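Before anything else, here is the set of structures, which you'll find just below.
Look for chain A in each of the two complexes below; its partner is chain B in the first and chain C in the second.
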Partner chain A sequence: MIPPQFDYIRASSIDEAVDILSEDPNAKALAGGQSLIPLLKLRAAAPSKLVDIGRLKELRYVRQAGDGLAVGALATHAELERWAGPCGVLPEAARQIGDPQIRSMGTIGGSLAHADPAADWPAVVLALGAVVKARGPSGLREVPAEEFFQGPYSTALQQGELIVEVSIPRCPPRASYVKIAKTHNDFAIAGVAAAVWAKDGVVEEVRLAATGVGLKPVRLRKAEEAIRGRKIAGDLLAEVAEAASREVEPVSDVRASAEYRRAMAGVAARRALRRALGL
Partner chain B sequence: MRIKVKVNGVWYERDVEPRRLLVHFLRDDLGIKSVRVGCDTGHCGACTVLLDGRPVKSCNLLAVQVDGSEIITADHSDDLMERLKRAFHERHALQCGYCTSGMLMASYALLRERPRPTEEEIREGISGVLCRCTGYQNIVEAVRSAGP
Partner chain C sequence: MRHVGRPLARLEDYHLLYGQARYVDDIELPGMLHAGFVRSPYAHARVRRVDASEASSMPGVVAVFTPQSGKPFDFAPGGKVRYQGEAVAMVVAADRYALYDALERVYVDYEPLPAVVDPIKAMEPGAPLVDESLGTNVSHREKYASGDVERALASSDRLVEEELSTGRVVPSAMEPHGVVAAHDGRTLLIYDSTQKPHVVRREVARSLDVPLAAVRVVQPDVGGAFGSKIQVYPEEVRVAAAAMALRRPVKWIATRSEDFKVTTYGRGLVLRYKAGFTRDGVLKAVKGEVIADAGAYDWFGFDLASTAATMLPGAYKVVDLDVDAVSVLTNKPPLGPYRGAGRPEATLFIERIMDLIADETGLDPVEVRRRNLVPAGPYDNPLGLHYDSGEYLAGLERGVAATGYYDLVRRAEAARAEGRVLGVGMSFYIEITTYGHEVAIVRAERDGSFTVAVGIAPHGQGDATGIAQLVADELQIPIERVRVVWGDTDVVPDGVGTDGSRSLTAGGSAAVLAARRLLDELRKAAEELLGGPATYSEGVFRSGDKSATVGEIVEAVYRGKVKAQLEAMEVYRARPTFPYGVGVVEVELDPETGIARPLLYRSYDDIGVVVNPLLAEGQIHGGALQGISQVLYEQVVYDQDGSLATPNFAFYHVPKAVEAPRYEPHFAETPHRSDHPTGTKGVGEAPTVASAAATIRALEDAIRRAAGRRVRLRSTPVTPEEIYRLIHGGA
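Take a look at the complex of A and B:
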């Protein structure tokens, strides 16, 4: 399969990329290309220009920032897989994305901008309460992860806007991401990220987020309510799983039926919490 | 667009269309036929090469993206690659052989990073290459025995 013709521009700065992307509505940013190039080959996308931002080293970093982390948009899954600092859920999740070859090239910013409804990073950034920082023609804009995802392959990014950073304000002391998929490197049938703050065996704060079980990644608010303020115990997990299964709105597709995805949302929520809490 | 790429130690300079996939650049422009087109959808990994030391699927990259970079294919020869090839031969780690160059590249990348991988790490390391003969057992054994 051969991609359609396009003009190729290797951006030498974020500003240059933003300029080209804001002038031409049919131009598209190319980061690692692991989602975009397959789409080009299928001719499901036919951009006029590809603006290659892959060499903008200033977007390729992971560093601690206060109690949280700042992750550059071009940090690859492989780089996050090797991250040994706080927010250990990042390497845990990165390891579950695609295969080593995909992880060499694929970037967190690219994955978020592509917004596949079964991708892994969206659930993780929702559970971490992350903020997506985007640069556009009118400057820098901060979009909370909860407002970022709008539907399948659809985000709050406006024309000319480029993700520059994923900012995690506070790394949770306990977190986990569990994905249920047909094979190790397939997209999620259901994936749940859990972030938990607990004290003296009581859950003080919790954020649960799911992917693969709806048109966009979602917070599992009912499941969170089932555990917030409660004492950590094994039987809580059954309640959480039940609530998670009830509140998601999955659709059937080639990978799994809606009913199966609904059931697996509960299973993934239970396992993610169990792993996060060390139960 | 004019690009310059170092492949197995040799610099090549060629004009390519921006839409030229790396796999076609390597096979058709440079004649390096060990790089295989398998599924052409980014799943099978038969087209795996090393890009600046990291395994990538060359059907999922544009040639223009690797301008100035270093590529290694299964034709590359060094101590580790020779040990791997010998191990694949001795353990009968190939049946039809179509995935073999991809398997070699994925395991070469793995062993460079982890000289003594566990079985789980080997299986994870080659998870991006599919063997349609399902001969994984012997491949895993070959990779294990190729370590130092």
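Take a look at the complex of A and C:
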């Protein structure tokens, strides 16, 4: 790697990292490095300082919290892949990210902060109704996932703010994440996460979210409406696929045309719901 | 015990497995400087001015070479750059950080010019010219014809006219290009990640006007090439020139992104043709042109088109042919050889035609090939190639049986009931391997062991193991008594290197003949020592009741008791030979997404003598995957301005282990030998030749099952999106 020159600081506490990041707008936090390091290699990023938070053990955890889960920002994809507790959609999604090397290094917090419009975690945290907890110069702030993603590589994080935790209030009893990609370690052409609460064979509550099909990850609200309150049956699948395809606003790029991504959003939604409901 | 034919483990692996491999970038010399290149962001632009003043004054910068520096720093010939990534200046600095900072501070004033990206459009009048001095983008055109194609077309029952194309691929060697050069006042020493150290030596000596004897090229461990390290790139000469000019060692290692910009690309051939066939499925005539998307400089474009044109008839009986080979300049990096180099394209083209005949006549694809195949060689292909040996028709039957082709077809049919969409494709191929001379030196040591130096330059293939097996058998000694060295122009004076599936055939034959010649020389000494005619067996000469080991004879020579050459050199000229066989691919298609995965590759190959089945199977694995991947995964995209839209592995997909199919290779039980001393025909490229043609048919088969109607695939790669549209409709 031959990046432009930068200073390197290994943060010994969250406070130290926040201090440095808030003083210097050109400083960047380094966690697992799976997005930032490639940008440095390409000389596409030229930070003044890298604040390495990778050794802050206090940010590296996954634990149950009430009906939900608290995931430390530095939990790696590999650690989430091995998670055997509630919110089984986390390991299901984690195993679809990159390859074993990337999963060993990359962190959920880093992925959310980078906000690649085709990354996997954003769709999952949206479907889980997660709250992103960020620490900044003025203390702890809670940002619902809905408000966190603002555009390609753009989030609600303000200068000096670090993600410290992803908090999932309530693990859905049925959930799934389906990613459609050309090869195993490629970015999603379309990915859809589904979280469903059912009662007496009826969809009581559902959250669907998609990635790769627009400038940022999105809730599929029309698709949700199409099935909320409905009896669980095979006919939901076609309807959810159609609604999802219709409501996304994908863009064309070298990986796929907008039309193809639109179609794949439907396929991913159908498959995610089918897997979540066990149909 | 004989060694040839046994699956011996590679002798080349120890240092790789124990972390002792030494690639170019591992080489550090005292006082070494680092070189890098300023590269054009435009595919086509006039270079008005190169301003290196700021870069030159930066800390750590030792030199900047610009077009004004003169040869060999004649960047931007004709005052313009012709592809995105073409070098316009070279910076040499004390370390890579200083180097890359300085590269950003060389200011080039470009005047962008309209770029020509598509070779077909490049042939049209009024297209922007890549090389104005030619007055056209057609760099070379040559006709290969036989029989009377017009009459044969006129008398055909059915005619077809279409265009088939193989998209460009990135060779994607794991190790990018790199070179280290150092001049000590007597010797210009070059460490180079190359397939051809002796060719590099000649090119550098010629370009820099130094005696050949003063240039030594060493090929260290090389992390793959697949043909992309055949060309002697301008960078290699310029790094050597900089080392001489600056009197310091200089290293250049391409980054991966740089490798995507400058390495020669593979495939990139188009066949525009008209063909006629009978209602019985017999191909009567092909008239057309093979067009190479040669890129900005016609380094290999014409050669590739010409290979594909002359191999187009394959082993089929068609004699009425009229095929032009055309190379066309475009504003893209130069085209170059890539595993198969013209034969995978020729085979894909002719096998696509065979499949079309099958679909049009309703005949079984195997039956179509049966009706068209030349029964057996030797056979003179109507376009001038002499196929040496083989039973093509019987080979087809054996191949179809060995691969269980019809079982796979039945399995694909049965899978529909389970809701799975499988597709099966087969191809019959014949390909040309081996050319040129090769050099080997065999030396007898004092203890009766032997050192073999060869001019071939293997870089992962395991040829040294194969050559050790051949020489050990020739000398009737254990393989542990033979050491094979290569990749150093000081140990063997000449050679072509490793490409064209020729190394074991050409290099191995040279080594076998050199060993034979050395044995004759030692026998003369033995007879003088023993006082009578001597026989040789297993390292020992015997005459009557007296005997002498090879070691004792060598000792006697060094003590002056007897005179003999202890080293024998053989220059072997190797004529082409023609392996052939059957490749079968099974794919599974997800009809909802258009994404297809290869499940199985089965093959039946007559590659002549199989020296080492383990090595040969390894070649089948890697070669087949590259052919499959050409069809399923690897896509190079340029925008209309000639900018590469797939500039690295985040956008360009090479298959990983998870994408690989199961491999079940079979080799002919009674192979047809080549007439070379080794009897081998080469296997490095055969699986790539066979697999691409079989994969595209397998996809077609799967899409037909999913869509419920016949489709025709005419180009590679076939993207999931394209497949999706074929199944579901849409623009």
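We adopt the following convention: the second predicted complex is superposed on the first by the 278 of 279 C-alpha atoms of A that agree within 3 Å, B and C clash if a C-alpha of one lies under 4 Å from a C-alpha of the other, contacts with A are read in each partner's own complex, and residues count from 1 in each chain.
Here is the rule we go by: a residue touches a chain if its C-beta (ideal position, glycine included) is under 8 Å from a C-beta of that chain, and two chains touch if they have at least 3 such contacts.
The structure presented is a predicted model; accordingly, all values stated were derived computationally and were not measured.
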Between chain B and chain C, whom does A:V267 touch in the aligned arrangement: first, second, both, or neither? second
Applying the touch criterion given at the start, work out whether A:D67 contacts chain B, chain C, both or neither, answering first, second, both or neither. neither
Partner chain in contact with A:E249 - chain B first, chain C second, else both or neither: neither
Can A:I2 be said to touch chain B (first), chain C (second), both, or neither? both
Of the two partner chains, chain B (first) and chain C (second), which one does A:H184 touch, if any: first, second, both, or neither? both
Touching partner for A:I37 - first (chain B), second (chain C), both, neither: first
For A:A78, is the partner it touches chain B (first), chain C (second), both, or none of the two (neither)? first
Examine A:G98 and indicate which partner it touches, taking first as chain B and second as chain C; both and neither are also allowed. first
Across the two complexes, find the residues of chain A that touch chain B and also touch chain C. 2, 4-5, 38, 41, 99, 184-185
Which residues of chain A touch chain C in their complex? 2, 4-5, 38, 41-43, 99, 180, 182-187, 189, 254-257, 259-260, 263-264, 267
Of chain B, residues touching chain A in the complex: 1, 17-19, 21, 24, 40-42, 45, 48, 51, 54-57, 59-62, 64-65, 67, 106, 109-110, 124-125, 127-128
Along chain A, where are the residues that touch chain B in the complex? 1-8, 10, 30, 33-34, 37-38, 40-41, 50, 52, 54, 78, 98-102, 104-105, 184-185
Which stretch or stretches of chain C touch chain A in the complex? 96-97, 99-101, 104, 255, 257, 592-593, 595, 633, 637, 645-646, 648, 650-651, 653, 655-656, 658-659, 719-721, 724, 728, 730-731
